[in-house]
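Which chain is which? They are A, B, C and D, in the order written, and residues in each are numbered from 1.
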Amino acid sequence: ATALLLTGCAGGSGTASSTDGGSAGGGGDSSITVIPKSLGNKYFEASDKGAAAAADELGMTFKEVGPTATGSADQVPFIQTAIQTGQKAIAIAANDPTAVCNDLSQAQSQGVKVVAYDTDTDCRDVFVNQATVDGVAEGLVKLTADHLGDEGGTIAILSGGANAANLNAWVDAIQALIKKDHPKITVAKVAYGDDVDEKAYQEAQGLMQSIPDLKAIIAPDTVSVKEAAHYLSDTPEYQGKVWVTGLGLPSEMKDYVDSGIVEQFGLWNPEDLGYLASYAADALIKGDITGKEGDTFTAGKLGDYTVGADGEIVLGPLFVFNKDNVGDFSF
Amino acid sequence: MSVTHTVPPIETGRSGLQKLLRARESGLVVLIVALIAVTAAIQPTFLFSDGGWRELLRQPTILILIALGEAIVIITRNIDLSIGSILCLSTYTSGWLFANVEGIPIVLVVLIGVALGAFLGLINGLLVAFLRVPSLVITLGTLYAYRGIAILWIGPHFIRSSWLPPEFRALGTMQWVGIPVLLLLVLIVVLIVGWFMTSRRAGRDLYALGSNPEAAKLFGLSERRLTLNAFVTSGALAGLGGLVYLSIYATGDARVGTGYELEAVAAAVVGGVAIVGGSGTIWGVALGAFFLATISSALPVLGVPSLWQQAIVGIFIVGAILLDRVLFLSRTRRAKRKGSES
Amino acid sequence: MSQTTLAPSASSPAPERQYLKHGKPLWRRGLLRTESAIILAVVLLVVIATFTVPFFAQPYTYQTMILNAAPVLLMLLPVTLIIITGDIDLSVGSVLGFSSAIFGLAFQAGVPIGVAAVLGVLAGGLVGVLNGVLVTIVGLPSLAVTIGTLALFRGIAVGLLGTTSITTFPTDITRAMTAPLGGLPVPVVTLAIVILALVFGALLHFTPFGRGVFAIGLSPENAAFSGVRVNRTRLILFVMSSLVAGATGVYFTLQYSNAIGTNGLGFELQVVTAIVLGGVSIWGGKGTILGALAGGVLIAALNKTLQLAGIGSDTISIVTGVALIFSVVVASVAGFISRRRRSKATAVAVGT
Amino acid sequence: MTDAPLLQLTGVSKSFGAVAALVRADLTLEAGSIHALVGENGAGKSTLVKIVGGLYQRDGGEFTLEGRSVDFHSTRDAKEAGIAVIYQEPTLFPDFTVAENIFVGRQPYTKLGLLDRARMRRETRELTQRLGVPIDPDREARGLSIADQQVVEIAKSISVGAKVIIMDEPTAALSGVEVDRLMGIARQLRDEGKGLIFISHRFDEVFALCDRITVMRDGTYIATNTTSETTEDTIIRQMVGRSVENLFPKQETTAGAPVLEVDDLTSVGVFENVSFSVRAGEIVCFAGLVGAGRSEIARAVFGVDRYDSGSVRVGGSAVPAKNPAAAMRLGMGFVPEDRRKQGLAMEAGVQSNITLAIRDRLSKFGFITASMEEPSARTWATRLQVKTHALDTEASMLSGGNQQKVVLGKWLATQPKILIVDEPTRGIDVGTKSEVHRLLSELAATGVAVLMISSELPEVLGMADRVLVVREGRITAEIARADATPENVMYAATHAAGDDRETAA
C-alpha cells in the first residue's frame, strides 16, 4: 500500500506517566499488545497487520489478542493480561470507551503506554486517529453533495454499532456539517447495522424502502457500506436511484465499484493506521513523545507526525477510492 | 373432512381439536398477512417493489431451516443449542471449499456443508442418546466447542464474495416467476420435512417418543435411534442454513450464527411446538419462523426504532407460549367434559 | 422367596439394629464427588499455573480473576437453587441488562444514586415475579418462559437506552467497586460473593426451606405429600434469582461505569455452564452451592490461566465446552457403574 | 388351526435383579376361549404378560405359539406374531388422535405417500362402532376417560388382527356399564375364534366371562380350573394359600373421641358426599375396587388434591383445603400409595427421607443440620427395624418392604393424631407385611386414629375395626369388624349403594 499521508496538527496536554517499568516485571525488550474490537474483524485484521509490520521494524515483541464477542467488558481480561505479562504498550480499539477505562488507567499507573487507535477512549496516552472527525465528515459529505448537485435531496446514514464512539462522532459531525453547509440536503434517518453483515443488509433494505425519495446513503463503517452496496447490487430497482458512499475496504468494495454500483468511497489505509499506532507506542516508550501537544516523532515509512490537541495523532485525510485506483490495494 | 357418514354423527371432539390445531397455523397466517398488509399500507415498497418482495420472501429462509431442525429435536423432548455454531462452521467450510478447491461443483459443496452439519449433529446425538445426559447440557457444551473450533480455524479471515462462483452467488437473487429460488428451495425442504413428520411412520415415531416416552418404550420404539435421527436432522438443516446464509450474504466469518439457537427455539415455540415435546407441526414452525423474520424486517419499515425490535419479539414469544398453554388447557378441559358426559 | 420370611419375623423381634451414620468412610464421601473433583481441579490448575505460567503468581491475577467473574459468580448462587428444584432460569443475563438500564436511566434523571440502585434491583425482582408466575401459576415450562423473557428483557433494556450509554457515575463509587478488599489481593465484591454464598449455602443446605428445595427436585410429588409448598418455593426462587441478577446489574454498571443495553449479554449460558460444571444435576435434586461456585471459579481460573499463557479466546471456548460435556459424561458413566455395582451388591445381600 | 394350543407357557421364570417375579409359571390358552389369570398383587401376572408381549425376555421355560417355540426380542416381534397386549399402564400417545393411536407404527399410506388419514378414520369409526362405543376418531387421546382409552386399546388389538389378546386388569377403572360393554366385546372376540387372557381382581367378572381360571401365587403356577366346575372359595384358597389369621396381629382397643371428621366432601366427577369419622385408637379401612376413588378421597382429606365442597376437621379444628402443611400441623399424617413417587425421594438417603416431614420441627432458629436430623432418623429406623447398615443409604437401594418402613417411619416421626395409610402393604412380602400390620395395631393401641386403604380383602378384614366400602366415589357401606366377611365387603364393592346394604355375615 502506498502512503496516504498528511500530518496532523495542533497540540494539547498529554497524560504524564511514570517511566518506571512497572511492578508487573517482564523482559527488558520492548513489546506491544494490540487489542482490536474483536477477533475475526476484517478491518482490524488489516490494521493489526500494519501494527505487526511496524513492531517488526522496531524490534518490538508483538501480540494480537482480543475477545470473540463485542460486549462492553469483553476486552478487559486482555488488558489485564497485557499488564501482567509486562507489555510495554497496549494499542486498543475499544468497544466501550468507558468500560475499559479502569483497567487502562491501571495499565498506565503500571507504566504501560496506552495507545488508542480507531476509537478513542478516555484513558490513554495518545489517540491515533485515522482521520479527524471533521476530516471524515467533510470528505463523505463532499462526495455526497457533489453527487447530489444543486437540488440536494433526502439522504440517510447507515452506521455500525450504536455505541461505537468514533462512528457516533462522525455521524454527528456529518449531520452538523450538512445542516450548516447544505441546506438542500436532509438526513431522514440514522440506522445501525451493529457490525453484523445480515443486520446491516436488512437495515439498508429498510432505509431504501421506507424512504421513497432516498437519494443517497452515507455509511461510515466498512460493514455497512459493503452491505448497502450489496443490497443495491441485489436490487436493480434502486440502482442509479440511490447512491451509496462511505468508509469501505477496497478489497470488499472492488466488485461494486467495478460494476458501477458504487462510484466512490473513502478510507484511510488501515494497515497504516496500525503501523502508526505501533510507532506512536514506540515513541511513547522511548520517551520521544509524552502525548503533549506539539511532540513530534517519525513513523517509519509514513514520515513525521506531530501530536495534536488532546493527544491526538491524525493519520491523514480521507483517501478516496474510485474505479481507477480501487484495484491497487490489498486490504 | 367429509367422509361418508354411514356412521351416525358421533361425539364432536374433532371440531374442537382440529379447529384449535388449525387455529395455530391459520392464526399465524392471519398475523403474517396482517403484518405485511399494515406494513405495506404504510410503506408500499415493503411489498410492492422487486427488492421488497424479494427480501420479504428471502430473509426468513435461514430461520425457517434452523427452526425446522430445532422443532424436530424439541418434538422428541430434547433441545439443540448448538445450531448457531454448526451453521457457522458450515458457512465457512463451504466458502473455503469454493475458494480453495478449483472448480468444485456447487452441488458437492452443498452436500459437504449439509454432511458437516449432520456430522456435528451426530456428535450431539451420540452423546445424548448413548450417555443419557441431558441434551441441554450437551448442546450447551457443543455450542461453545463448535464455536471455539470455528474461531480457532477461521480466525480473522472471512469469506470474500469473490471466492464464490458467480452461479452460486446468483442463487441468492435468482427468481422464478417472481419468487426467490432460495425460498422455493427452502419450501421444498419444508415440504419434505413436513411430509416426513406428518405423513411417514418414521416421522410419527418421533412425535410418539416425545408424546409419551414410556408408551413409546412399551411400544418397542428405539429411543436411541430416534434421538440420534432428530439431532442429525437438526445438524443437517443447520448445515443447509449455513449454505443459504452464504448465498444470501456472500460473506461469512467466525461470528456468523451467534444467538441463532434461541431464535430457532423461539420460532419453534411460536410455531406451536410444545417445549415438553410430542406436539407441533412443521407447517406451524415454518410459519412461526416466517413470522418472526418478517417482524424483524417490518418493524423498521413501520417506523419502530430497530432497537425496540427485540423487545417486541420477546413479547410475541412469551405471548405465544402463554396462548399455547391457554389453548391446551381449554382443549383438555373440553376433552374431559366430553369424556365425563359420554 | 416368601416362604423363608413367613414364619419368624412376625412374632420374635430381631435384636436391635445398629446404624452407622454413613455408609461410606469420610474420604470416599468427601472426595468422590463432582464438587471435590472441581475444587481439586481448581487447586491443581492454580498450582500448575503458579509454576508454569509466567506472571500467574501475582495478587493482581486473583484480583482481576474475581473481578471478571464476579457477575457470574453472584448470579449463579440463586440459579443453583432453581436448577436443584428442576427448573431453569435463562433470563438472568437479560435481567442484569434490564436492571442496569433502569438504574442508569433513573440516575440520569437525577434520582439519587442510592435510590436509583434500589430501583434497579427492584426492577429485577419484578421480572422474577413475572417468570415465577408464568412458571408456577400458569404452569408453563421454565425453559420456554425464560427463553422468552430473555429476549423480552434484553429488548427492553436495549430499547430504553438506545445508542446512549450512561457513564456519568461518580468516580469515587465506581472506583470503590473495583478497589481491593482491605489489604487482601481480592476486590471488595469478593465480600459480597462470600456473604451471598454463605446466605444461599445456608438456605440450601441448612434450613427446612432448603430441604424442601431438594425434595422438589428429587420428586415434586413426594415434596407436596411431605408438606413442602412446592409452587410457593419455586416462585420465591425465581424472585430471588432476579433480585440477585438485578443487584448484579447495578454492580456491573458501576464496575464498568457504564449503563448500556447490552450489559450482561450471554451471561445466562455462562451461569448455567458454571453450575452444571460444578456437579449440579440439570435434572434437579442434586448439587451444592460450593460445587456451583467452584464451577464458576474453575472457569474463571481457566480463562485467566489460558489468557496468561497466551492462548486465544477461541481455544478457551473449546476448553469450556469440552469441560462441560466431560463433567456430565463422567457423572453419567460413574452413575452407571455405581448402579451396576449396587444391583450386584443387593443381589448378593438378598440372596444370602 | 392346529391341535396345539394357541399359546402355551411352561415353567417360565423371570427375575429382576434380586426379585424373582416369576418362579415357575404355566399357562395354556386355547383359541376361541377366554382365560382368566388371577393372583394377589405381585403374584407375577403382569410380568408374565410382558413376557408374552415381548417387552421382557424370559430367563427360562418354554413358550410356544400354535405349537411353535417362539422367542420375542421386542414388542414388535410379538405384535407381528399376532399377540396384542393391553397393559395395566395406559399406553396411548396423548398428542395423537384416536385414529392414529390405533394405527401407530403401521399407519396406512396413500398412493402419494401420505398417511391415509381418511382410511384410518373410517376404520377407526368402524372398529369403535363395532365395539359399540363410537369415539370420534379425530379427537386427541389426551383426556380420554379410562374406559375410552380401554376401548381404543381394544380397537387397536382387533385392527392388527391379533389372535391373542391379553387384557391386564382392563376393568380396574371401569364402571358397571362399561364393564358389561367390555365383556360383550370380549365374548364377541372369543366367538370370532380369538384367544383372550383376562386379568382381574374381580371374581364376579371372572366367573361371568371366563372359561378357565389359572391361579398364580408368588410367581408360581398353582392351578387351572374350569370355571363351571369351581367356586370362588376354591380360587381364593388357591390364591392365598395360607391361613390369613397370623398375618394380622390385631390388638383390641377401645375407640376414643373422633379425631378425623370428614363431612360431605365432594370433588365433582371424582367423589361425592363423603362423610365419615375416625376415632382415636380405631383402625378404619377403606375397601373397594381399584379405581373406586379411595385414594382420591384420602388425598383430598390430606390437602394434596382440591375438593369442591365439604369440610375436614382434625380434633375439632377445621383443616384448610389444599394445604398439606397445615393438615400436618394439626396432626395428620399420610402414607401415600405410590411410595416410589409420592412417599420417598428415591435418590435421597434414609435419614433425609425420614426427617423430611418434620424438618420444621427439628430446626432451631430456622436452621437444620444433618446432626440435628440424625437422632430422629436413628430412632425411627431402629423402631421399625429398617434393614440397612447406614442412615445415609439411598432409599432406592432398599427393598420394597424396607422402603415402606422408611415411609412409615417418616410419618410416625411426625407423631400424628390421625395417620392415613394408602395401600401400606402393596408389593411387600408376607413377612414384612405382618410387621407393618403389627405396627399399625400398636399405633392404634397408643390412641392414634388410623385410616387404612387397602385393596386386599384379607388385610381389610384382618385389620379393620370398621370397614367403609367405597364404590364409584361414594361410601356405599359401613360394616363393623364383627360383621365383615369377604362376601359382604365384595358385594358392597361391586354393587351399587342401597342394593342391599346389610348383607349380614
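Basically, a residue touches a chain if its C-beta (ideal position, glycine included) is under 8 Å from a C-beta of that chain, and two chains touch if they have at least 3 such contacts.
Note that the structure is a prediction, hence the values are computed from the model and not measured.
With steps allowed only between chains in touch, the distance from subunit A over to subunit D comes to 2. In terms of C-beta pairs in contact, C-D outnumbers the other of C-D and A-B. For the pair subunit A and subunit C, the distance between C-alpha centroids works out to 40 Å.
Note on chain placement: the centre of subunit A and the centre of subunit B lie 38 Å apart, centres being C-alpha means. With centres defined as mean CA coordinates, subunit C is found 31 Å away from subunit B.
Among the residues of subunit A, those touching two or more other chains are numbered 39, 68-69, 162, 192.
Counting only residues that touch two or more partner chains, subunit B has 147, 151, 155, 254, 307. Working note: touching chain pairs come out as A-B, A-C, B-C, B-D, C-D. Residue ranges of subunit C in contact with subunit B, taken from their complex: 88, 134, 138-141, 143-145, 147-156, 158-159, 162-163, 261, 269, 272-273, 276, 282-283, 312-325, 328-329, 331-333. Residue ranges on subunit B touching subunit A, taken from their complex, read 43, 45-46, 49-52, 54-55, 59, 147, 151, 154-158, 160-162, 172-173, 245, 248-256, 258, 296-297, 300-301, 303, 306-307.
The touching residues of subunit A, counted against subunit B in their complex, run 38-42, 44-45, 48, 68-69, 162, 191-192, 196-198, 201-203, 205-206, 208-210, 212, 226-227, 230-231, 234-238, 251-252, 254-255. Within the complex formed with subunit D, the residues of subunit C that make contact are 1-2, 5-6, 8-10, 13-14, 16-17, 19-24, 202, 206-208, 211-212, 214-215, 218-219, 221-229, 285-286, 342-343, 346-347, 349-351. Contact residues of subunit B toward subunit C in the complex are 79, 127, 131-134, 136-138, 140-152, 155, 254, 262, 265-266, 269, 275-276, 305, 307-315, 317-318, 321-322, 325.
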